[in-house]
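Just dropping this structure here.
Here the chain labels run A, B and C in written order, and each chain numbers its own residues starting at 1.
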């Protein structure tokens, strides 16, 4: 029995060696092409914050850095707080889409001086309250905040203790909603859905089944190309109307989304830094790539390739 | 309840090399469990309390209270009592598996309680060994490795200890099972492994803690005979714990009866049956077939006028059962004679009283 | 009713003989509980809304601010603090090297090589060989099939990344856990000292310490490994301690009586004899480590968790499920292999004569084959990169999408009605009672219930927990979470009893249901959150359902085992007395598995609590939301930590009360 098995093993070994002889491409034979251009760029550590719009930014920047500049790009999937923390420890070089985050600016740019602003991305960030399109169509006056109380009872849910429900999303969102509801004397209660997925599911369901939902949302966002939510206008934003968080009674400002890089990276002279600094595109650009990723289910790399090849002029402007 | 201590008598059919010095002497041994146990043996007042009162007063339990005895070389010394009488605690105190609270355990002229860790380990490795009720075998080792375990702990080389283990396996009748694992053996055979493990180290004293209680009656009898056989062959001193009186009578040269941690009586089997120290012992030995245990000296009477004194002669230590035929066959009373001196006589009446079980106790 | 029924009652009746006072109270216990509840309701009606200690979402207490400042100061001094320079950095380096080494071996390209050192063929061969060597040929086949399936799913590299992380984390965890477990097994004092730490490690939500960990050990492998170790080590510590403690006293005594030193009796008796149980602990550690895969992805640990999280961003249920399925399969393979490993020795002993002789040469032959496979996979591309483009995975994803859509389209009416019934009928009134009563009233009620159910010691622990809960500053949120948790536990127990009894009575049912339960326990909740959200909306009820999916399997398994442990003769006696099936279940089997029921309640509660954070992601708000918010927003960090502590406190409180109650019930 044992001998039999040993013979079998030996046979397999021989078979293996035979396969070796006749067989297939060897590791390293043709690999020189892939990892060839290890130029002056070196490693570029790019934080990827968890929303699809950011993923689109990161996909394109990483693609360009890798293929046009020959950088080794390391993408790091991190939430904002940890990504900023990474500037200090030297593990993150750049954050590509920053939404305000005054506290982080204070801590890392003004305080520790480990991070610096690298200019705007060209994207305009819009935050506000949105309703599904069917609702905006059926009750056009709902898009004025003054009429919200009229419909409050329609927005009641099991969670809102008798008032209308205003759905908020991921805890990392910049939000004044609780104060707004109070200061605008709305008969609503803020319910914390807790994640972007929860928020999107709620809107998707609302549009499909004609349900009453009002909630926090933002642009640019890939979901808007699936369900074009309508924004409710709040009292117009004036500079300084949101300085006291407890007394806010105005709309959110339009955020000029910007890029943050680590202080060290800014001084490194890496071509990747210049790329990040020059990177600039429109909301439509981002939405296009985000759509490739979220709806067409392309990989990040494939989505970036598709866009880069179609927008050579824009890319050339970034790398000059 | 003062314990009745009897002189060490001559033993039945055991090899003797007694030079008079005991192997183990136990003096005023106490074991108290509970908070501040030390104070109990020291205080005369607390010593006097019953178990229940002591528990209520101090929260302590006295498992062994003021026990004294000596074990002679080559003797089989049995400690007997019901469960909870403290007998298992007592035997563990002797090798300090349980630390005694006070008293002395003298072995080879030294108090074991004073021994440091190294000396104690050395004693356990070379002088004592123990057989347990639930065997305590290592399930992940083969029989031969279980038997060699004690030798391994001593640091004996593998070849040497395996050789010795195989000898002992043979001795306890397990030849052919060397390479089995304990859970492949019956209870009786497992206990033979336990026995072999104890014998392997060639100790001076063997302790048995109710070794056969977990076994079936038939196997138990086999194992008892096995112990008797081994005692003949290797002649070790043995301290044997049991709750079974017939086992005690069968194996023991002397028997110590314990109750609630105290010793009630210590003596040979016929002494316990013939002269129970109190009602407790009397109740205990009530159902013993007296003819099997008592000797002629317990039933003889003084010769009276008119007795014929020319009947056959027998010694005082002849067991009644063995004397029955002679006494009944003789038409005159049998004389009980020791060293040519007439101690008394035994007639049909005395014999029949024992054999027919009419005697209501001494 | 029958002889059989009396049995459990008899054991209880024996107690009053020694302690008549206790016996008298036992009779009236339900009445005492009723009285407490009535008093509570009356006082609630009078005092509603007063001293409720509520705190708005964005508000902080001094404690929270202090924690924030402390956290900031650590971060600011990171690069100059010698503790960081010479201690944490060294630890990080060692662990990082370990992780990188394993990654280069099986998952990540190393140096100039575009592929890892060992390709898919080598890993599959190695997995099969090791499974066979430590287990048996059946689990080896399972391992080979499972690992090959990762490749077919198109997730080979991600699976290997996950495997590399799991292997490192389990290795590091065992390095500490087994010695600590042995120490806790040998010393009662050390055990008592360890227990609160272990409770803390297991119930403190990972989100709370994830950000500080990256500060201490930087982003990536080392931090992910350490986070996993913190969560996964306790089971091995507890189970090793338990195993050491349960080694037959006689055998240890026998070794002592032969003069064994402490070291000898540890190495030759205690460790070998507890090996089997310790392996079960290792099994639990592996399962716990797999539960951390998605969370580790939050700090950039590569692997299947990344796929799950990214798919979640675009609500791609199918892709998330495909990755989740790979995690489930890995869990099942590792579980079955370790279980087989723990049983192997005994099997081998029994079938020794037939196989043992062949084992060595066979193993040798297997090793040769494996070596050849490894060589091939090191050298040739076809054996290094998994061939194909993962069409199986794509098909799984689209099938899942179809199924999920169908469920959402067709069932959401039903589910909404059910949700509203439970929420309005049970959850809302209960939550109002808890959150709108003055804090001292709820605290007093909790302490009183603890005393009645578990005795004075449980009462003292509860009082301490209540005090600390108030100190955390998130009392009101804690009460909201407690309401959902208790409702979820009630539902878990109802399901647990129904399915547990069924499984306990029918081996067939058991065999059919158990794999589903295993899957429910290891499938990352992130995978099924989206369909649940579609069915129930972003509500507390969704959180409750998620908690049930995670908690009910444990309760079912424990109850099934308890039912099965009821002695056959007792059931026979009841049957012969003319009991029908219903009577046997309610009068014999359930009463006699009472200790299993209490254990199921205890474990169900703890599992439900561990889902509080996930609940926060789907609309449960309260503590779970606070924790997630603390992880997401710098200025809420202190509050998140406080909320995490509150979860730990709730866990400890429930655990001690149910355990004390269980001890009483079985006394």
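Everything below uses one rule, namely that a residue touches a chain if its C-beta (ideal position, glycine included) is under 8 Å from a C-beta of that chain, and two chains touch if they have at least 3 such contacts.
The chain list, named the UniProt way, goes like this: A = ABC transporter substrate-binding protein; B = Glycine betaine/L-proline ABC transporter ATP-binding protein; C = ABC transporter permease subunit.
Bear in mind that the values here come from a model prediction, so they are computed numbers and not experimental data.
Legend note: the chain whose CA centroid lies nearest the centroid of all displayed protein CA atoms is C. Chain centres computed from CA atoms place B at the largest separation from subunit A. In this structure, the chain pairs A-C and B-C differ in their number of contacting C-beta pairs, and the larger number is found at A-C.
Subunit A and subunit B have centres, each the mean of its CA atoms, that are 85 Å apart. Once the centre of each chain is set as its mean CA position, subunit A and subunit C turn out to be 31 Å apart. For the pair subunit B and subunit C, the distance between mean C-alpha positions equals 54 Å.
Subunit B has no residue in contact with two or more other chains.
Interface of subunit A with subunit C (complex): residues 1-3, 5-6, 8-10, 12-13, 16-17, 19-20, 23-29, 31, 34-35, 50-52, 55, 76-82, 85-86, 88-89, 91-92, 103-104, 107, 111-112, 157-159, 161, 167, 170-172, 178-179, 190-202, 204-205, 209, 222, 245, 293-295, 297. By the touch criterion stated above, subunit C contacts subunit B in their complex at residues 248, 250-261, 264, 268-269, 272-273, 275, 345, 349-350. Taken together, the subunit B residues at the contact with subunit C in this complex read 92, 95, 97, 120-126, 128-130, 132-140, 149-150, 152-154, 181, 183-184, 194, 197, 201, 207.
Subunit C contributes residues 56-58, 72, 75-76, 78-79, 112-115, 119, 210-211, 214-215, 218-220, 297-300, 306, 309-310, 312-316, 319, 357-358, 361-362, 364-366, 368-369, 372-373, 375-376, 378-384, 408, 412, 419-420, 423-424, 428, 529-530, 533-534, 537-541, 615-621, 624-625, 628-629, 631-636 to its touches with subunit A in the complex.
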